[in-house]
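Below, each structure is written out as C-alpha cells.
Below, chain A partners chain B and then partners chain C, in two separate complexes.
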Partner chain A sequence: MQKYKRFLFYVLRKVATYLFTIWAAFTITFFLFRSLPGDPVSAWAGALQQRYAVNMAGGSEMVEAYRKQFGLDKSISEQYFSWMYNAIVHQKLGPSFVNFPRPVEELLAERIPWTVGLLSVSILLAWVIGLLLGALAGWLRNSWISSLLTNYAVVISQVPPYLVAVMLVLWLGYSWRILPTQGAWDAQYTKGFNLPFILSVLKHAILPSVSIILVSVAGWILSTRSLIVNILGEDYLIYAEAKGLPTSQLLLRYGLRNALLPQTTGLALSLGFIMSGQLLIETLFLYPGLGELLARAIGAFDFNTIMGCVMLSIVTVMTASLIIDLLLPLIDPRVRAVVS
Partner chain B sequence: MQVPVDLGLQAKPKGPDTLIDVRDMRIYYATTAGEAKVVDGVDLRIYRDEIFGVAGESGCGKSTFVEGLLRLIKLPGYIKSGTAQFFPKNVEGKEPDEPIDLLKISQQDMRKLRWKHIAYVPQGAMNALNPVMRIDDQIVDAIHAHVNMSRKDAIELMLKQLNMVGLPPYVANQYPHELSGGMKQRVTIASSISLSPDVLMADEPTTALDVNIQRIILQELKEIRERLGLTIVYVSHDMAVHAELADRMGIMYAGSVVEVGTTIDIFKRPLHPYTQGLIKSIPKIGGPRERLVGIPGLAPSPLAWPSGCKFHPRCSKAMDICRQVAPRLGVVEEGRQVACHLYETQPKVESENSERTLSEIKLHV
Partner chain C sequence: MTWLRNCWNTSLRFRMGVILLIAFIVLAAIGPLIYGPLLRGEQFDINPAAPGNFKRWQTFSATHPLGTDGDGRDLLGAYLLGMATSLRIGLLSGFVATLIGTMVGFAAGYFGGPTDTGLTMLANILLIIPAYPILVVLVLYTPRITPEMMALILAAFSWPFAARTIRAQVLGLKERPYVDLARISGVSSLGIIVTELVPNLLPYLLVSLAFSTLGAMAAEVGLALIGLGPSNGISLGLLIFFSRGVFSLGRYDVLLIPPLILIAIFTAITLINLGMEEYLNPRLQNVTGR
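This part shows the complex of A and B:
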C-alpha cells in the first residue's frame, strides 16, 4: 500500500511539473513575441507599401479594422487572457494571418500528418542506424571503422544541417535529376489512398528524410560510441568477459543493453520535438509541414500561428518527457527502486 | 607429467603439483611518454590447491599481472613477452598434462578456458554485476556459455552456489542494486566458482568492504577452498589479509617479483629489504607505542624504472652493484626465493628479521 502511495505521489509530482512547465513556456513565448516591435497588420501594410508602392496613408482605417479583428487593439494582458480562454475552453487558436482567414487550428491539423510522417520515420531510422553504428564504433574503438565513423560524425555535426540538404538537392535533384526536390507529392495525382499518390509521397520524402538522417545519425553515433566505450571500461563488462561469454552476448546484453537506457530517453525526447518541425529542411524542400508554416508565420509576424506552432511543440515535448518519466521505472530497475 | 624446462629460477619442492608456471612475463602499456613497463619480468610458480597471495604497493603491477594471466589486458596495454604454462584438469581436446600457454593461446581458446578453468573475482567486485540484469540471469548465462544444460539445472546449480556462500535463494531474483556490498561480493564469488574452476583469481575483492565483512568473506573463501580443493590467487596490498589467508606469498615490486616463500617464512624472516619495509609498516595492536617505520620515497614510475635493482633508490642497504646490475630471483633455500644482491653469495640466511644480521651480511659482500 505504502509502495503504491509513493508511486502515486511520484506521478502527481511529475504531472504538476508538466502542467506548470507548459504554462510557463507558453507565457514566456507569448510576451516575448508581443514585446517585439511591430505586429502582423503593420508588417503586412509595410510590405504592401514597399512591394507595390501603395500609399497606405488613407488605409489607416483598414489597418485599424484588421487590428481589431486580430484583437491587437486590446492591451497585452487582455490579449493574453482571451487567448488562454479561447485556447483552453473552446480549443480555438484564432485566425491565421499567413492564410487569412483560416483558423490556426485548421492549418495545424492540415500540416501535422506531413511533419509527423516525415520526421517520425527519419528520427527512428536515424536512431536505429546511429545506435548500431555507434555501438560498432565503440566496440571496435581502435579500428579504422571506428575512426571513419567518428570522423564522419564529427564533421557532419559541425556542418550546418541545411548544407547537407543543399548538397543532396544539387546532386540528386538537379545534376542527376533522379529525385524530386520540392513539395510533398506530384500535383497530377489525386490526394487520397491510392498507389500512385503514395509512391509519389514516398519519392518526395526521400531527399528531406535522407538529409535529416545523414545529419542526426551523427549525434547518435557519437553519443552511443562514448557510452559504449565507457561501458567497456565498467567492471561488469570486464567480469562478463572473464566469465567467457561469447562476444555477441557481451556486446548486446551487457554493452548495448546498458547504453539503451539513456538512448531511449534521448529518442523519446527527439520524438517529442517532431511537432516543432524541421524549419530549415521543410522550407528548403517546400514541404507542407509545421516547420515551413512556422517559418512563414514568423516572417509575417503572425502571432496566432506562431503561438499555435509553439504551443503544439511545447505540449508534445513535455508530453514525451512526461511519458519517459513514467516509463523509466519500467525499463531501469534502479529508477524503479527510487520511485517505489 | 611434462615438466617445463627449469631455468633454475625456482626450485620445485617435492609434493605439490604445479598449476601455473609464469616465466619472464612482461606487460607494457604504450603511452605518449613511452612504454610503461607495468609488469616487467615476473617469475612465479603457483601450485595446485594452495592459496597464493600476491602482495605489494599500489602500482607495482599486481592487478596487471592477474589480468595478464586472464588475458584481459586492453589496449594500449599488450603482452610483450613471457610464458605462463597452465596445467588444468580435463580440458576438452587436450592431453591431461599438456600445458597451455595462457599468454599465447588465441582469444577464442581463452574464452573457453575462462570460468570453467580459470575464474576471476575482479577488483571492483562491487560493480562487477550488470545493473540491469537479475542475478540469476547473470550466473545462468555464464553457465550456459560453457556447459550444455537445461535452464532448470543451471538454476539449481546456481542456488547451490549461492547457498555455499551463505546467500538465501531469493537473491537470485534481485537486481544488483538491491543487494549490499557484501552480498554482491558473495554473488561474484559464488558465480565465479560455480563451474569448479582449477584456479580462482581474486583481485582485492574485499577492498571496498568493511573489515567485518572482509573477515567473513575471507573465512568463506578458506572454507570453499577446503571443500572444493580450489587454487586461489589472492591479490591484495593488505599484508594482514595475506597473513590470514595465504599459504604462500609473492611480493611484487615495480613490476617484478622480489620475494617468494611461505607466508609464515615471509612474516617471520622477510629477506628482501622491501618486504622487511612492508612488514614493518603494519601497525601492531598492543605493545609499546612506537612510530611506524615505512618505506621512504614513493614507488617509481613504470615509464622509467631505476637502473639495476629497481628498489635501490629507496633501499637503506643499497650497494654499488645494486645501481648497475638487476638482481634475478634466485633460490635462497628450499621453497624460498629472493631477488636481492644481499643474498646471492650467501644463499642461506639464518636471520631473525634483524637489522644487525643483515648488515653483517652486507659486510661480507
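This part shows the complex of A and C:
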C-alpha cells in the first residue's frame, strides 16, 4: 500500500510541475512581447501612412475599432487574464492579424498536419537510420566504415539544418531542376485523397525532409556509437560472446537492446519539439507549416498568432516530457526502484 | 592543467580541432589588419566589407583575390571580417552563457534544497520557451545593435543548458571525501567551490563553453538568414543572406564559401569537444570488443 501511495505522490508532483511550468513559461513570454513598443494595429497603420501617404487623422476611429477588437484598449494585466480565460474556458486564442479575421486556433489547426507530417516522418527516419548506423560504427569501431561514419557525423552533427537546406536547394532545385523547392503541393491537383496529389505532396516533402534527416542522423550516430562502445566493455557481453552466441544476436539483443532505452527517451523529446516547427526550413521552402506561420506572425508583430504558436509548442514539449516521466517507471526497473 | 596536456597527447581529434580553431581565430584577428592596407593602396578609409566601394561582380584578380559581390564588396576582405564578427559573437556569447550557467549550476548543485528547486525550475522554464521568435523580436527592437549586444541577447537564452550540465557534475562531486575533508577543516562554501570543485570541473566547463559557442554562432546565422544581423558590420550569416540571389549568375564561390567556412569552424569546435569527452570518459578509450 505504501508503495502505491509513493507512486501516486510521484505522479501528482509531476503533474503539478507540468502545470506550473506551462503557466510560468506563458507568463514570461506574454509580458516579454507586450513590454515591447508597438502593436500590430498601429504598426499596420503606420506602414499604410508611410507607403501611400494617407492621412490617418480621419481613420483614427477605425484604428481604435480594430484595437478594441484585438483587446488592445485594455490594460496589460486585463489582457493577460482575459487571454488565459479565453484559452482555458473557451479554447479560443483570439483573432489573427496576418489572416484577419480568422481565429488563431483555426490557423493552427490548418497548419499542424503539414508540420507534423513533415517533421515526424523526418525525425523517425533519422532515428532509425542513425540508430542502425551508430550501432554499426560502435561495433566495428576499428574499421574504415566506422571512421567514415564517425567523421561524417562529426562534421555534420552541429551544422544547422537550414545551411544544408540552402545548399540542397541550390544544387538539386535550381541548378539541376530535379525537385520542387517551394510549397507543399502543385496547384494544378485538387486537394484530397487522390494519387497525383499525394505524389505531388511527397515530391515536395523530399528536399525539406532530406535536409533535416542529413543533420539529425549525424547526432543519433554519435550518441548511439558511444552508447554501444560503452556496452562493449560490459562483462555480460563478454560472457555472451564466450557462450558462442552469433554476432548478429550479440549486436541486436545485447548491444542495441541496451542502447534503446536512452535513445527512445531522446526520440520522444525530439518528437515533443515538433510543434515549434522548423521555422527557417519551412520559410525557405515556403512550406505551409507552423514555422512559416510563426515567421509571418513575427514579421507583422501579430501577438495572438505568436502566442498561439509559442503556447502550442510549450504545451507539446511539456506533455511529451510528462509522458516520458510517467512511463519511465513502468519500463525501467531502476527508475521504479527510486520512485517507490 | 595536466589534463589538457593529456588530452592533447591522447586524442588526435583534440589536436586537429585545436589547431583548426586557432588557425581560424588567428586568421580572423590579424587577416583584416594585413589585408586592409594591401587593398586600400593610397586610399586609407576603404572598408572592404562596406558595399559600393568597388565595381560589382569582378572575378578573381590580383587586386581582388576572390572577386567582388553584387554590392561591390571585396569578398576576401568581407570573409575575413565576417569570420571575425561571427567568432566574436560566438565566443563572447559562449563565455557569458557558461559563466552564468556555472554560477547557477554551482549554486543549485552545491547548496541543494529550495535554492536547487527554484533555479532548476527557472532553467527548465527557459529551456522550453521557443527561443527563436523571442530572439527575433528582441534583435528587431534593439536599435543599432552591435555584435556584443547580440552576443549578450543570445547568451540570455543559452545559459540553462550549461547550468544543467554543471549542476549534474557538482552533485556527483560534492560527496567526494576530499570535499568533506575541506568542509570539516572549516573552509567556507565559496572556498570549497573555488579551490576544490572548479579545478576538477574545468574540463566540463570547457565542454559547455564549446557547446554554447556553437549554439550562439548557429543562432547568429539563423537570425542573419532573415536579414537580422549587427547593424553596421558583416558576419558570415549576413554574407549567406546577401548571396541569396546569386545562383543564376554561376558564381558558386560566393554561395559556397561562407557556409563552408562556418561548417569548418563548427567542425573544429566539435572535434575539440569530442576529444575532451574521449578523455573525460575513459570507457570510450579502452574497451574489450573489436
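Throughout what follows, the second predicted complex is superposed on the first by the 313 of 340 C-alpha atoms of A that agree within 3 Å, B and C clash if a C-alpha of one lies under 4 Å from a C-alpha of the other, contacts with A are read in each partner's own complex, and residues count from 1 in each chain.
The rule is simple: contacts are C-beta pairs under 8 Å (C-beta built on N, C-alpha and C of every residue); 3 or more make two chains touch, one makes a residue touch a chain.
Predicted model, so just to flag it, every value in this text is computed and none were measured.
Applying the stated contact rule after C-alpha superposition, one finds that A:Asn142 touches each of chain B and chain C. Of the two partner chains placed by superposition, only chain B is touched by A:Arg253; chain C is not.
In the superposition on chain A, A:Gly244 makes contact with chain B only, not with chain C. Within the superposed three-chain model, A:Ile314 lies in touch with chain C and out of touch with chain B [touch as defined at top]. Of the two partner chains placed around the shared chain by superposition, neither chain B nor chain C is touched by A:Val201.
Shared-chain residue A:Pro333: touches chain B; no touch with chain C. When the shared chain is aligned, no partner comes close enough to touch A:Leu227: not chain B, not chain C. For chain A, the partner that touches more of its residues is C, with chain B and chain C as the two candidates.
Look at A:Leu267: by the touch rule set out above, it reaches neither chain B nor chain C. Across the two superposed structures, the residue set of chain A contacted by chain B and also by chain C is 142, 232, 238.
The residues of chain A lying in touch with chain C in their complex are 17, 20-21, 24-25, 28-29, 32-33, 36-37, 139-142, 154-155, 157-160, 162-163, 166-167, 170, 174-175, 222, 226, 229-230, 232-233, 237-238, 276, 279-280, 283, 294-295, 298, 301, 306, 309-310, 313-314, 317-318. Across the interface of their complex, chain A is touched by residues 13, 121, 124-126, 128-130, 132-134, 136-137, 140-141, 214, 218, 221-222, 225-226, 240, 247-248, 255-256, 259, 262-263, 266-267, 269-271, 274, 277, 281, 283-284, 287-290 of chain C.
By the touch criterion stated above, chain B contacts chain A in their complex at residues 70, 72, 74-75, 111-116, 119-120, 122-133, 138, 141-142, 145-146, 175, 177-178, 188, 191.
Every residue of chain A that touches chain B in the complex is listed here, in rising order: 142, 232, 234-236, 238-246, 249, 253-254, 257-258, 261, 332-334, 337.
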